[in-house]
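For reference, the structures are reproduced in the following blocks.
Common to both upcoming complexes is chain A, partnered first by chain B, then by chain C.
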Partner chain A sequence: MSLLKLDLENYKDLLKEYIKTKDEQALYQAEQFSKHSMQQNISPEEIINIHIQALQEIYPDMPEYIQSSMNFLLETMISYGLAYQEYQTLREKQLELKSEISVAANMQKTLLSTVKPDLEDVEVGALSVPAKQMNGDYHHFVDDRQGTLGIAVADVIGKGVPAALCMSMIKYSMDSFSGMGTDPNVILGSLNRVVERNVDASMFITMFYGVYNSNKHTFTYSSAGHEPGFYYHKDRDEFEEIDVPGLVLGVSPEVTYKQYEKKVEKGDMIILLTDGVTECRQGDRFIEQEEILHVIKQYSHLPAQGIVEQVYKHFERLQDFQLRDDFTLIILRRNV
Partner chain B sequence: MNLSIDVTNNEGVSNVVLTGEVDAFTAPKLKDTLLPLTKEKGQVVEVDFQDVNYMDSTGLGVFISALKSTKEHASTMRLVHMQDRVYRLFKITGLTEIINIESTVQGGM
Partner chain C sequence: MDFQSCVNIKKEWDIVGARQLGRDISRKIGFGTVDQARIATGISELARNIYLYAETGEVCFEALEDMNKKGIRIVAIDKGPGIKDISQVMEDGFTTSGGLGAGLPGVKRLMDEFDIVSQEGEGTEIIVVKWLR
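Right after this comes the complex of A and B.
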């Protein structure tokens, strides 16, 4: 196809052709002409102007009233032209914003990145997938290389950018606690005071903090209103909900958290998650707890990382690949 | 999904009846309605959850703000007729300990 020229001559020829033949081909060319005009930022009233000029050239004796009606139409279209211009500007702005958010999202990734520890006796699988660009879920591993591994899983309520900013604050507070020992209840208590002082009243954070001691094979934990995880007993082949009371972070300054301890046997698993997993919906149907456990069990022959990935794929499929909420799943398994 | 909010005021008691879902889309509307009610000293704000079958964590945020506001302005808030699924959310987050909640008739079906 010849390159469409955006000029009066070309338009005049097309118009003439169409009036004469009523040919579909000419209409198709007209469509191409308008698409091309849009790319060149030609406004609607400019096209009408070209139309008027073409008409005048084709029909020099065009009646006066048609000429006037065309001028009338031209005036009418001016607002559309302005709206179109505005749309273009907004589109550019939107692209700009999008790229800024993606810079922020990358920065968040770097800031909040955590290294999945490589331990001898305990296998760790972890996966966190944001529903939108910025992740409101957070998980962090603290490996002291002397046999204790700290694991934090958190969910900021409120989504998107504010939640992500809040998460960065949590991460830096936790880093600054490094000299305070590793008791989960102490860590949650300190974080609660930081969050209570620093965030908006409608924002709060749920967090589960656990410490695995691979010398004693114990798991010590506390929860600040976080979605309950699960404990898998290998010997009984049974799951148990890790349901511990505790108020969410950021609501009341005088909260103390209780701490619990479990002896971990060979083959046992600790499953930590966020409500993006349990609040999964398939259409109007909520996913039941048993279904999550069933899926975990189905893949339990895989390495821990394989399990979390397969479980994610399962729920991603159920939700037609459209996550409603950030999804985080962590599995620890004692192998030796 | 939508949420309708009906407020009736009666001698120091505001009855707020919710119908629908409280989520990230409807929470701002709820917050705008609920918060001003809690700012009057001595006011009792009763929120009826009978017809709320789903609430997400953004909704919890609204009730946390409202709770803080009642403390600040010496008003009170209670949540009534809450369904199990919604109640679970308040329970997990520990909010049942600090918010006055009356859940729906358990096992009455």
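Right after this comes the complex of A and C.
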């Protein structure tokens, strides 16, 4: 209260000064006064009240109609004052929510973390960047240390928190499959049943599962409606699309997935991705498949991790540093 | 020295009557211009809720005075449909009167004390108090 009284004196002096001089200095101080008032949570009707009181003191014989008109103005400000207070409460709430989501995002990072394997013959590069705070893409490596490496790449249709929650479920299901062997078609079939039973019908998950066998240098894979990857033939210097049929996870309980196998030669690359890569946009234009392959080729002299990072940087810049969808890119290359 | 007076709310015009009576009582108690305006706005909101959702009801005023403080108590009572989820209507940003009303959270901000009892199908009673400082 004393602060308010103090402000009244201050305000009265400023107002007097301004009426006398019409000086910019006084107006600048008025600006300071309003900022200070906002810090003290003083609402607009109180400012008007201070104004009325100041006027009364400066002009003791102020006409009655001025007084009435000022009271009228005060009355109209009450709702603005309320809206201002509500705005402040909502802003605090928003900050709270934001920090809660960032805690959740960190937790998700820990839950879904996967260790990029360090193998002798095959080099692996992997990068996954969420468009918002939480990632709806997922990739996972399973290294059995006997020469086979499983690689899963998945994408929930949708972004943000619901997609992220869904991914945690996928990860734990896959962990529980560890005794079931490594056949991609078996793994996708089992996951399909889990998703079908547990996830809302409006949510779809696509997944690519591949196994690299470094004893035989073969790549075995199946896809559940996932974005096609690419295969790079070193000898022909050509890319080939890895587009295999397969229904997305969770649509029907009994789906069998087909399994395919490829012989991998020295220098060949396997490129797996999500639609956040292929559906990059420059303005209103979707980029062409050739552009992605061209960029990959441009950096193919780098180690696999270097390639995925440079490709990401390229498309991040192309999209003005605002990702529209979660971006995941994995590259495997046989070196020996 | 308690005295109590009520205004029946049946038509929109009655909202004005309730404001007027509430303002007169607050002035007599000694509230300043800003608080009078706040009290009147709170009364408007309570009376409008009755008019819009319960059709009829009343708003009552009581001057409060004890050893060291004075104030006004306003009670809005109706036999309307009641409020199903009170927590929801007390949430900021959830305004019922087309987004333009201050809503019940607004009334709570304008006053010092706020209490609400509502039973679905039976009605609602809202009691607010503002103290003179």
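Everything below uses one rule, namely that the second predicted complex is superposed on the first by the 330 of 336 C-alpha atoms of A that agree within 3 Å, B and C clash if a C-alpha of one lies under 4 Å from a C-alpha of the other, contacts with A are read in each partner's own complex, and residues count from 1 in each chain.
One rule holds for everything that comes next: a residue touches a chain if its C-beta (ideal position, glycine included) is under 8 Å from a C-beta of that chain, and two chains touch if they have at least 3 such contacts.
Quick caveat: nothing in here was measured; it's all calculated off a predicted structure.
Novice: Could you tell me whether chain B and chain C fit or clash when both sit on chain A in the superposition?
Specialist: fit
Novice: Based on the superposed arrangement, let me know which partner A:147 touches: chain B (first), chain C (second), both, or neither?
Specialist: neither
Novice: Based on the superposed arrangement, let me know which partner A:267 touches: chain B (first), chain C (second), both, or neither?
Specialist: A:267: touches no partner chain.
Novice: Please work out whether A:306 is in contact with chain B alone, chain C alone, both, or neither, and reply first, second, both or neither.
Specialist: It touches nothing on chain B or chain C.
Novice: More residues of chain A in touch with chain C or with chain B?
Specialist: B
Novice: Have a look at where A:155 lands relative to chain B and chain C in the superposition and call it first, second, both or neither.
Specialist: A:155 sits against chain B, while chain C stays out of touch.
Novice: Figure out whether A:75 sits in contact with chain B (first) or chain C (second), or with both, or with neither.
Specialist: second
Novice: Quick check on the superposed pair: does A:52 touch chain B, chain C, both, or neither? Answer first, second, both or neither.
Specialist: second
Novice: Once the two complexes are aligned on their shared chain, state how close chain B comes to chain C by Cα atoms, in whole Å.
Specialist: Across the overlay, chain B reaches chain C at a minimum of 21 Å between C-alpha atoms.
Novice: I'd like to check the shared interface: which positions of chain A are touched by both chain B and chain C across the two complexes?
Specialist: Touching chain B and chain C on chain A: no residues.
Novice: Would you tell me which residues of chain C are touching chain A in their complex?
Specialist: 32-34, 37-38, 40-41, 92-93, 102, 105-106, 109-110, 133
Novice: For a test of understanding, state which residues of chain A touch chain C in their complex under the given definition.
Specialist: 1, 45-46, 49, 52, 71, 74-75, 78-79, 82-83, 85-86, 89-90, 93
Novice: For chain B, which residues count as touching chain A in their complex?
Specialist: Of all residues in chain B, those touching chain A are 24, 31, 56-58, 60-62, 64-65, 67-69, 85, 92-95, 97-98.
Novice: If we count contacts the way the header does, which residues on chain A are in touch with chain B in the complex?
Specialist: 155, 157-159, 201-204, 206, 224-228, 245-248, 251-252, 275, 279, 286, 325
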